[in-house]
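There are structures below to look over.
Two complexes come next, and they have one chain in common, subunit A, joined by subunit B in the first and subunit C in the second.
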Partner chain A sequence: MGIGKYERRKRGYSLEKQKAKMGVLMLLPSLIIISFIILYPLISSFVFAFMKKPLGSMSNDKFIGLKNFAYIFIQPLFWKSLLNSTILTFATVVLQTIFGMIIALLLNTSFKARGVIRGLFILPWATPAFVAAFAWSWMVDSQNGMINILLKQFHLVKEGIPWLMQTNTALFIVILAHIWKDIPWVIMIFLSGLQMVPVESREAAKVDGANIWKEFWYITIPSMKSIIVIAILLRVIWTFKYFDLVKLLTGGGPLNSTMTIPIMIYQQAFESNSLGRASALGVILFVILGVFSFFYFKVLSKDGEA
Partner chain B sequence: MEKTFKKMLSLILAALMLMALFSGCSSKSGSESSQVKGSDAWKTKDITLQFWDNDTRADWQTATQKVFDGFTVLHPNIKIQRMMVPWNDINTKFQVAVAAKSQPDFMYGSDKYIVPWATQKSLAPLDDILDAIGRKNFPQSMLTNSSTGGKSYLVPIAFFPHVVFYRKDLYAKYSLKVPTTWDQLYQNAKTIQDNEKGIYGFDILAAKGEPYTLVNFMSVDNAALLDKNLKVTANSPNTVESLTYIQKMSTLIPPGTYGKTQADVRLIAIQGTVAHHIDSVSFSGTISSEKKLDLWGTFPVPQNSGTRGAITGYYGFAVSATNSDNLQATKELIKHMNQPDVYLGFAQASILGHIPANKTATDNNAYWANSRVAPFENMFKSAEKAGQNGIVMGMDYGANKYSSAIVSSYIYNDMLDMVILNKQTPQDAAKSAATKMKSIMDDVDNQ
Partner chain C sequence: MMVKKSVAKSVKILLIIFFLIIILFPIYWIFIASITPSKSFLPVNVSWLIPKEVTFDNFLSILSKSSFITYYMNSLIVSIVATILTLIVSSMGGYSLGRVKFRGRNFIGQLVLVTYLVPSILLVIPLFQLITQFKMQDSYVGLILSYMTFALPFCLWMLKGFFSSLPANIEDAALIDGTGIFGAFVRIVLPLAVPGLISAAMFTFLLCWNEYLFALVFINKDSLRTLAVGVVSNFVTVTMGPSDWARVMSSAILSSLPVYIIFLALQKYFVAGLASGAIKE
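Then we have the complex of A and B:
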């Protein structure tokens, strides 16, 4: 006698269960590592934010409630850092989006050596942050920097400008360096998005007499809407918490003119030796970025449904 | 077959991940602590002492290695492992190491960190060694500034007063006298700059964390961020006077040099671009290696007010071993280093311009007769004298609980940026410094 339908279903289900168990077992090491590297520090940060916790001290830690937050909110430096972070993020993301789109559109056309040119555009993204910061600080050097030499050559300035040493120009250079460093990612995302624009719609638009701008505005942009929104949201999240370039270029100076929230977190932890306050700042940053992450996931799920 | 292969591959990958997970875990090697106080177990037990070093200079490395090798010959059971830690990162790294309970046994202890680290109970008191070596052999100010709670936490090795290096040849050319006042110093600088093409009167050390020129001039003008009673005096008339002078000096510095690191400014100076270079006496090492001793002389930073001298930095060995055998072995190493003959050899071979802190060397004619030291004898003796009333940045009247925060807040750099970069008035810069100082104190008090 053969195996009944019920038996066959039961055996199939057991096999599925077995496979699932095996899968979980394979994933376990990764999950453990992720827990240690991400979850444990995250939960610790939240706990430390409510404690008096000096770095490196052998003394006992103390629960102090919201005192760390209260202290931070009354510091003028916190509001200055928040403002600088906002300006840096807004300017960087807007300019990366605009120029990223322009470059992506250009790279999407057919021309000789397109592959090589596309590859060259990836270079800034592949450059380590230290190297990028070193290169930029030399490019803007007041005596020997390429930018000042060119400005003097074209008689636009008489003497070299100490870009990174002036409070009114340092943030501008930091923004430029950020744009240069991460625009390749934006270009790549938009390039892949451009492949999704229906060819028929573009051809139909051309037949109807639409010019380049109208085609871009009424066909390309709507087709790429979700990709653009996702790219912007991700860039906002990543730029807001960017630490490397600012630390390496200016360290938050001169006179706190480039102080950002991540730099302030570092200073609180390792210069003021206050893990508690650094963690409180980390929680504030987490909340700010959490808002953008919420919108990101919302857009992502809408996109998935579509 | 394919399924089996995939399963095997998955198992191998999972095992590799597990190994990676545990590979980061390690326990600090070291024997168990001896429970008996004053135990001699360190003499026979296999011990590895971890030493955190900041100084990459060949002279220092060679001189200290010779001391370590001599010690390990006497105690073959002890190994000394040197780990290089970048100068700017030492505080951060040490704090993190203490939090992770993986601090070294001993380290290059810089003057500015000793008291903060000791206050955090991260260092071992060294009174017993200092008593064994003889406290009178060390400058009292160094012992005081590295003590807290009645205990000492550093055995000084060397100190480096800041002096004015000046171009002897240009002074002779224009018949200039060694200045004893600020006005005379400025006039000499201006005379040389006005008459020598391509040579500027001064340079300024003002890189982030290296605002030494301002600190020097404030100190010799009896200006300070805090007074003896820890009251804010950052906006005193003397501070304004110092900032005014610095602002005047900045009109005589080579363009584009403001904010450059000490190493870069030294390079600019040794290339002959400036007439006066105010720096640690260790600049003599650069003079020696460039064979320019005939061009440079030194004099103390002219005193304008008060009795406090210019910066006199110092360093030594600080001990952070928690294991009692390692602690005892480290203390014996330091005692070994301070034996007169061992210390003399070390001082003669170590960094030129670092004045030995232990008087058994400087009171010994053999030190001054050494072929490396002899050409600089006058320079070093003048610096040694100048350093007697010297201060450490952030510790104008001795170490206090705000010292470390003062250094890490870059408050001096802010003042310099305001008067030199932004061309603001010295009064505004001093006022801003006072506000920032209050904020720093508030920050430290509320931690």
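Then we have the complex of A and C:
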């Protein structure tokens, strides 16, 4: 009636154009901040990796090619840190996935006060890292820790074990603390994944007489496959780069027995005052994480198409 | 059949309780330490599981320390300002990435995801230099900006997903009225996006409140320290007596309180946000 077809299209077209312009404008603050505080620093750290760069003064900076990397690769501590980071990440993520799935399956059923109980399961994740570190140091304290109290109560040991102070037990406790801290995340992701399991196929399986295990392996797992893969990849990335909890629990000790790549970066930068070597280590970390991130992107985009 | 079912149900409930106890025990154990009178502190034994004597002296003692109050205020200021700033910037950016079509949008979206995965331990080195250059060490501004390195990509990614899940064309009516897209964003889209904004805000606040690395490296002045760094570097010493332990445990409980309250009160937003932040494309 009022507006003709042509006019409407013209108006729609200019609307789209105007919309796009405004859209770019609204994105601009984010882009500027990201460039300034993430992209520019990220690029600088790649440059630093090829420099001799003492902490403090910038006048002594100079390019030294691959020397930082050469130095790192001949350090036994680097290989030890890499191994520790790998063990920590692998053990943490495997156990988080298994127990996260068990707990998610339990919480996905109906029972009294479900909302409150689910909420309580989130608490370790919300706990600040330094509180988590206190909690676990206190749990395994040789005199006051519940673990040693129980061991003594059942006469399994005479003297409390100083778990975090022994080279052969510290990493084990660090792993436990990591599992504990982030398992709520895994539980919640799996819980939301369980909502996507089609009810019909579950009921069909029941009618066919499938038991719980069969239902789990043939119905639940396949329909949650991409969520499980995504959760594992993100957990691997986060655990591998996680600095706070190890730093606060052991600082990498005793005798470097819990030294990880992030702790080594910190020590190189702020204790050995070598920003160049620390950046080179950071680049190595970035490349390792890049591999997992690549797979994460792949799974995400495949998921998006489906 | 009925018997079998009820047995299965009891087993299930027992398992849930078992896991709940394991999950909550470390927190419960420091809570017990914080409410136990320091005279009856050592040695700890099994009888501690249920406290006989309860005191709040440890809490009062830590609250009367002016340094603790200072750390608490610093944590609050930095976390709240970083959250608000991030939300303002990322709600516009997320809207743009999620609902406006323009060239290069997909590329920028992927770039945001990449920046979301950049480890803080890598960024801390160049940021240290940048912050020193701009004389922002020992300042709220430096710390807040460094917190945005993880908060901003996270919120952009999460809100992008949230905005794109809103029904199509909701802003069209306003556009035809000539309000312009920014007006439509403020008046129509933002009110609908409140649940997404709440969950983005609670995640961001939690990440900032719990941050340790940047606060450790960029702040040297005691009066500007946040809780984590302040408590760890000032209250924890090698020669700690029972009353010191009790105080440290009270400070740990008090430091966790804001995030516990937020998460228990706003739990439904948490689950929705978690799923959209991590999984949605």
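The working rule: the second predicted complex is superposed on the first by the 293 of 306 C-alpha atoms of A that agree within 3 Å, B and C clash if a C-alpha of one lies under 4 Å from a C-alpha of the other, contacts with A are read in each partner's own complex, and residues count from 1 in each chain.
What we mean here is this: a residue touches a chain if its C-beta (ideal position, glycine included) is under 8 Å from a C-beta of that chain, and two chains touch if they have at least 3 such contacts.
Fair warning: this is a prediction, and the values are worked out from it, not measured in the lab.
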item: First (subunit B), second (subunit C), both or neither touched by A:P29; value: both
item: Touched partner set for A:L106, first subunit B, second subunit C, both or neither; value: second
item: Touched partner set for A:F270, first subunit B, second subunit C, both or neither; value: both
item: Which of subunit B and subunit C A:N211 touches, first, second, both or neither; value: neither
item: Which of subunit B and subunit C A:S14 touches, first, second, both or neither; value: neither
item: Subunit B versus subunit C as contact partner of A:P254, first or second or both or neither; value: first
item: First (subunit B), second (subunit C), both or neither touched by A:Q143; value: both
item: Touched partner set for A:L39, first subunit B, second subunit C, both or neither; value: second
item: Dominant toucher of subunit A (residue count), subunit B or subunit C; value: C
item: Contact residues common to both interfaces of subunit A (with subunit B and with subunit C); value: 22, 26, 29-30, 33, 58, 143-144, 270
item: For the subunit C and subunit A complex, residues of the former touching the latter; value: 12-13, 15-16, 19-20, 23-27, 29-30, 33, 42-46, 89-90, 92-93, 95-97, 99-102, 108, 110-115, 117-130, 145-146, 148-149, 152-153, 156, 175, 180-182, 185, 206, 209-210, 212-213, 217, 227-228, 231-232, 245, 248-249, 252-253, 255-256, 259-260, 262-264, 267, 270-271, 274-275, 278-279, 281
item: Subunit C-touching residues of subunit A, taken from the complex the two chains share; value: 15-16, 18-20, 22-24, 26-27, 29-31, 33-34, 37-42, 44-45, 48, 58, 99, 102-103, 106-107, 109, 111, 115, 117-124, 126-132, 134-136, 138-139, 143-144, 146, 149-150, 153, 180, 183-185, 188-189, 191-192, 227, 230-231, 234, 237, 241, 243-244, 247-248, 262, 265-266, 269-270, 275, 278-279, 282-283, 285-286, 289, 293, 296-297, 300-301, 303-304
item: Residues on subunit A engaged by subunit B in the complex (per definition of touch); value: 22, 25-26, 28-30, 32-33, 36, 52, 54-59, 67, 71, 75, 141-144, 159-160, 162, 165-167, 251, 253-255, 267, 270-274, 276-277
item: Subunit A partner contacts - residues on subunit B that touch it in the complex; value: 7, 10-11, 13-14, 17-18, 20-21, 91-92, 94-96, 98-99, 116-117, 120-122, 208, 255-256, 258-259, 404-405, 408-410, 413-414, 417-418, 421-422, 439, 443-444, 446-447
